[in-house]
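Look at the two complexes coming up: chain A is in both, with chain B in one and chain C in the other.
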Partner chain A sequence: MNWEKIGDFLLSFKKKSIYLGMFILVSIPLIMKMSTRTYITEEVESIYDKVEEVYEYNQENPNDKQAIFVSIDFAPSSKAETSPMLNALLRHAFMRDIPVLGWAGVRTAADYGIERLNSVAKEYGKKYGEDYIYLGIAYPFLQAVLSLNSDVRIFSSTDYYGTDTYEIPIMKQFHSYNNIGLLVSISSTSLSELYIQYSNTLFDQDVAAGVTAVNAARLYPYLQSDQLVGMMGGLKGAAEYEQLVNKLEKKVIGEDVKNYLREFYKKKDPSEYEKKYYEPKFTETQLINKMNSRKLARMGMSSQAVAHFYVIILIIIANVGYFIKRKYE
Partner chain B sequence: MGTILWSTFAVFLTLSIFSFLIKDNPFYKFAEHLFAGISVGYLVVITFTQIFIPRVWKPLMNSIDTGNILRSAFLIIGVFIGLLYLSRASNKYSWLSRYPISIVVGFGSGFAIAPSLNARVLKQLHSTVVEDGQSLLNIQKIIAFFRDPSFSSLYNATYGPLLVIGVLVVLIYFFFSFKNDNPVIKYTRTPALLYMMVGFGAAFGYTFMARISLFVDRMNFILNRWWPLIQNKLM
Partner chain C sequence: MNFWKRRLPLALTVIYGLAGFAMQIIPALNGYRDIQNSWMPILFGFSIAIGVASLTKYHFTKMRRQPEERVYSIITFISLVVMAVAGLIGMSQDGGVFTKLFDNLFSYVYVPLQATIFSLLAFYITSAAYRAFKVSEWISTLLLVSGFIVMLGRVAFGPLMVFGKLSEWIMAVPTVAAMRGLLIGIGLGIMATAIKIILGIERSYLGGE
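On to the complex of A and B.
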């Protein structure tokens, strides 16, 4: 057997054919709409548990509720990982009737943030200004974070739509850390660390993070020191949270979510909802997209798994080729 | 029709960017320039509509209307100091930009020192040796492993010591990076390198996952959002 030729062959794969292989392998699970079940890690489950804790507190104290503050700190360019996290978290909060306050930590998230909030709020019939609010860009960031300790309305005098924050009903009760049960930074930047540094360290606010995989390794030390309640790291973390929320949704809404959404606004008076925020009805395309968004991260994880195996096999092939070539050269 | 048009344009741009994998070409260049241009334009508009108008213009107009002179003066002085940044365009007056820079840097660093030290050094230092009120070098956990050997008791027994030893050897590696024949320094180099390789490996694995996620998202857009739209239109 000509080992040298075999070694040469193993090292001769062209870059283009490797990319083509990746393209085909990643596409197959997406075409087949395969969504994998994933195991739940402690760091993701603790965010879920904390949200449930806020829900239980609100049930016991209806006159002194707590809200969840969501900081949208990512540009649309990294939405592949962060958007499923944001969707799952918002679905969890709205499903549990927890008030949601949000802002954009980075300027590029300003419009995307409100689009996501309105879109998920529509699934549960939540009303802007009563059940959720979006304060626009938190700029300058440090001053914005500090203002949450006293009264954020002084800093954010208007919301995203330009309405005076003193006139918005939800802001009357929820305007400082006192009524925020959990602050979640969904981030592709280092802003999560700043929330740890200021909100957690200075004001003892419970902080959780949903970060892109690139940033995940950097935040693990904060989990160990309990400075972070929990963390969703990359698409895997998003898939875990998505799985937990889907399970809850089946319990709260039932198995046929699509039909539930289809019928939701038929029983309601459309004049109750302002069209500025969302149209109180679902088209068939929207329903398909809503159902797809419920398994977005898990579908992505199927392709991830295939891509990872592919790369591992390529690494093994290249190493075998390298050692054969070195031995017989 | 608008949705199909814009979605098709998005697919075209995605494929144009991916075409760089074959080689640099005009489609890639077009998509790249368009992205850079739109990003800058978007940031300018968003800064004006979401920062300047609600944070400066509206409060200023309100305070003038209500006769709140102190607040108006406060805002005007703030804007004036901010505008001094623009003096960098002139060689003669660029020194004026040092005022806003000194305020921003002075406040930022002055305010950040204490919480940063607390969050990134003191709390981390504490959690390197203590967890849940117990020492990480807990001999009881090692004894428990020998009494009842199992995977979980092994994890509990080794997790703490491995963390503490890891921190120490890596710190020694960086503090004594020069040639040194001291046995402590000499024999901790390889374990320190191993720890760092594990850390870099985890970071690389995560980075790989992040990059593949971006690719998966674009493929998902093409296959599960754009293609069904086209199918519906054609059928």
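On to the complex of A and C.
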């Protein structure tokens, strides 16, 4: 057997064929809408448990509720990883009737943030200004974070829509760290670390993070020092949270979520809802999208799994080729 | 001139640097933090104006001096003007043409462009891993094996679950050990630099020296 030729062959894969292989392998699971299950890690489960803790606190103290503050700090480039985290977290909070406050830490997330909030709020009939609020872009970011210590209304004088924050009902009760049970930064940047350094260290605010896989390694030390309640790292973290929330949803709403959503606004008076935020009804296409959004991260995980195996196989092939060449040359 | 360009900025840095410390550690001064915070958007607003002016100047100079790269500068400048005009006029016309223009440019030009650039990484990394990830020494073997375990661990299921546990250990023990060292180093560096700036020892931000 001509080992040298085999070695040469194993090391001769062209860039184009490697790219084509990657493209095909990543596309198939996405086109087939294949979704995988994943195991739940402690760091993701602790965010889920903390949200449940806020829910239980609110049940026991209906006049002194706590809210969840969501900071949307990711650029569109990382939407595939971070958007499922945001969806799952918002669904959890709205399902548990927890007030939600949000803003965008980066300019490119400002419009996407309100679109997500309105879209998920619609699934649970939540009303803008009463059940949730979006303050638009937090700029300059550091001052925005510091302002939450006293009264964020001094800093963010208007919300995303330009309404005076002193006039918005939800802001009367929730405007500082005192009434925020958990602050979650969904981020593709280093802004999560600023929340740890300022909100947690200076003001003792419970902080959790949802970050891209490349950023996750940087935050592990904060998890061990308990400066971070929990962390969703990359698509896997998002898939874990998605699984936990889907399980809860089945318990709270029932098995047939699609039918529940279809019937939801039929029992309600449409005049209760302002069309500026969302249309109080679901079309069939929207229902399909809503159901798909419940397995978005797990669908991405299938592609990611195939891509990981592909990279590993290529590295093994290259190393076998390298080994043969070294031995027989 | 020396006063406006050097002494005044230096004095302001020292005063505001020390004031920042004082507002943090003296509870009685905590209230002033809100005033300081509400000033900041105004200051940062000016920085945007400086940024736009600087970008415009840079690209105009480039257009004149580098004709072969002129087209990129023209595209950058046109993008800047169109987005700024659409955004500024659109703000006062909710649902109008300019708002739609801004939203569409953002959603159907900017977002796909950014996502595309990021997605290309997957292809480059695969190709680079195939070409460069060679087992030549024990240290590169160690790196390769850890990489395999973490990659398999992130997508583990069924019999591969053993990689899940191993991957968690790698992330929680060796990674944290290395990251903690880095973070402590960075933290000390930030503190040292901040003290040097506040005390006027580090003046490179003033230009020169």
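Annotations for the structure displayed:
FYI, the second predicted complex is superposed on the first by the 329 of 329 C-alpha atoms of A that agree within 3 Å, B and C clash if a C-alpha of one lies under 4 Å from a C-alpha of the other, contacts with A are read in each partner's own complex, and residues count from 1 in each chain.
Operating definition for what follows: contacts are C-beta pairs under 8 Å (C-beta built on N, C-alpha and C of every residue); 3 or more make two chains touch, one makes a residue touch a chain.
Note that the structure is a prediction, hence the values are computed from the model and not measured.
Once the two complexes are overlaid on the shared chain, A:6 sits clear of chain B and of chain C alike. Within the superposed three-chain model, A:320 lies out of touch with both chain B and chain C [touch as defined at top]. Look at A:257: by the touch rule set out above, it reaches neither chain B nor chain C. Of the two partner chains, chain B is the only one that A:136 touches; chain C does not reach it.
Of the two partner chains placed around the shared chain by superposition, neither chain B nor chain C is touched by A:34. Contacts of A:158 after superposition on the shared chain: chain B is touched, whereas chain C is not.
Contact with both chain B and chain C is seen for A:311 once the two complexes are overlaid on the shared chain.
Of the two partner chains placed around the shared chain by superposition, neither chain B nor chain C is touched by A:248. Contact with chain B, but none with chain C, is seen for A:227 once the two complexes are overlaid on the shared chain. Common to the chain B and chain C contact sets on chain A are residues 15, 19, 22-23, 26, 78-80, 108, 111, 139, 202, 213, 216-218, 221, 224, 234, 236, 304, 307-308, 311. Contact residues on chain A toward chain B in their complex (touch as defined above): 15-16, 19, 22-23, 26-27, 30-31, 33, 78-81, 107-108, 110-111, 136-137, 139, 142, 157-158, 160, 162, 196-198, 200-202, 212-214, 216-218, 221, 224-227, 233-236, 285, 288-289, 292, 296, 299-300, 303-304, 307-308, 311. The touching residues of chain A, counted against chain C in their complex, run 13, 15, 18-19, 22-23, 26, 36-39, 41, 75-80, 108, 111, 139-140, 143-144, 146-147, 149-151, 154-155, 202, 213, 216-218, 220-221, 224, 234, 236, 301, 304-305, 307-312, 314-315, 317-319, 322-323.
On chain C, the positions that touch chain A within their shared complex are 24, 30-31, 33-34, 36-38, 40-41, 44, 103, 106-107, 110-111, 114-115, 117-118, 122-123, 125-127, 129-131, 133-135, 144, 148, 151-152, 154-157, 161, 164, 168, 171-172, 175-176, 179-180, 183. Within the complex formed with chain A, the chain B residues making contact are 21-22, 39, 42-43, 46-47, 50-51, 53-55, 58-59, 108, 111-112, 115-116, 118-120, 123-124, 126-127, 131, 199, 202-203, 206-210, 212-220, 223-225, 228-229, 232.
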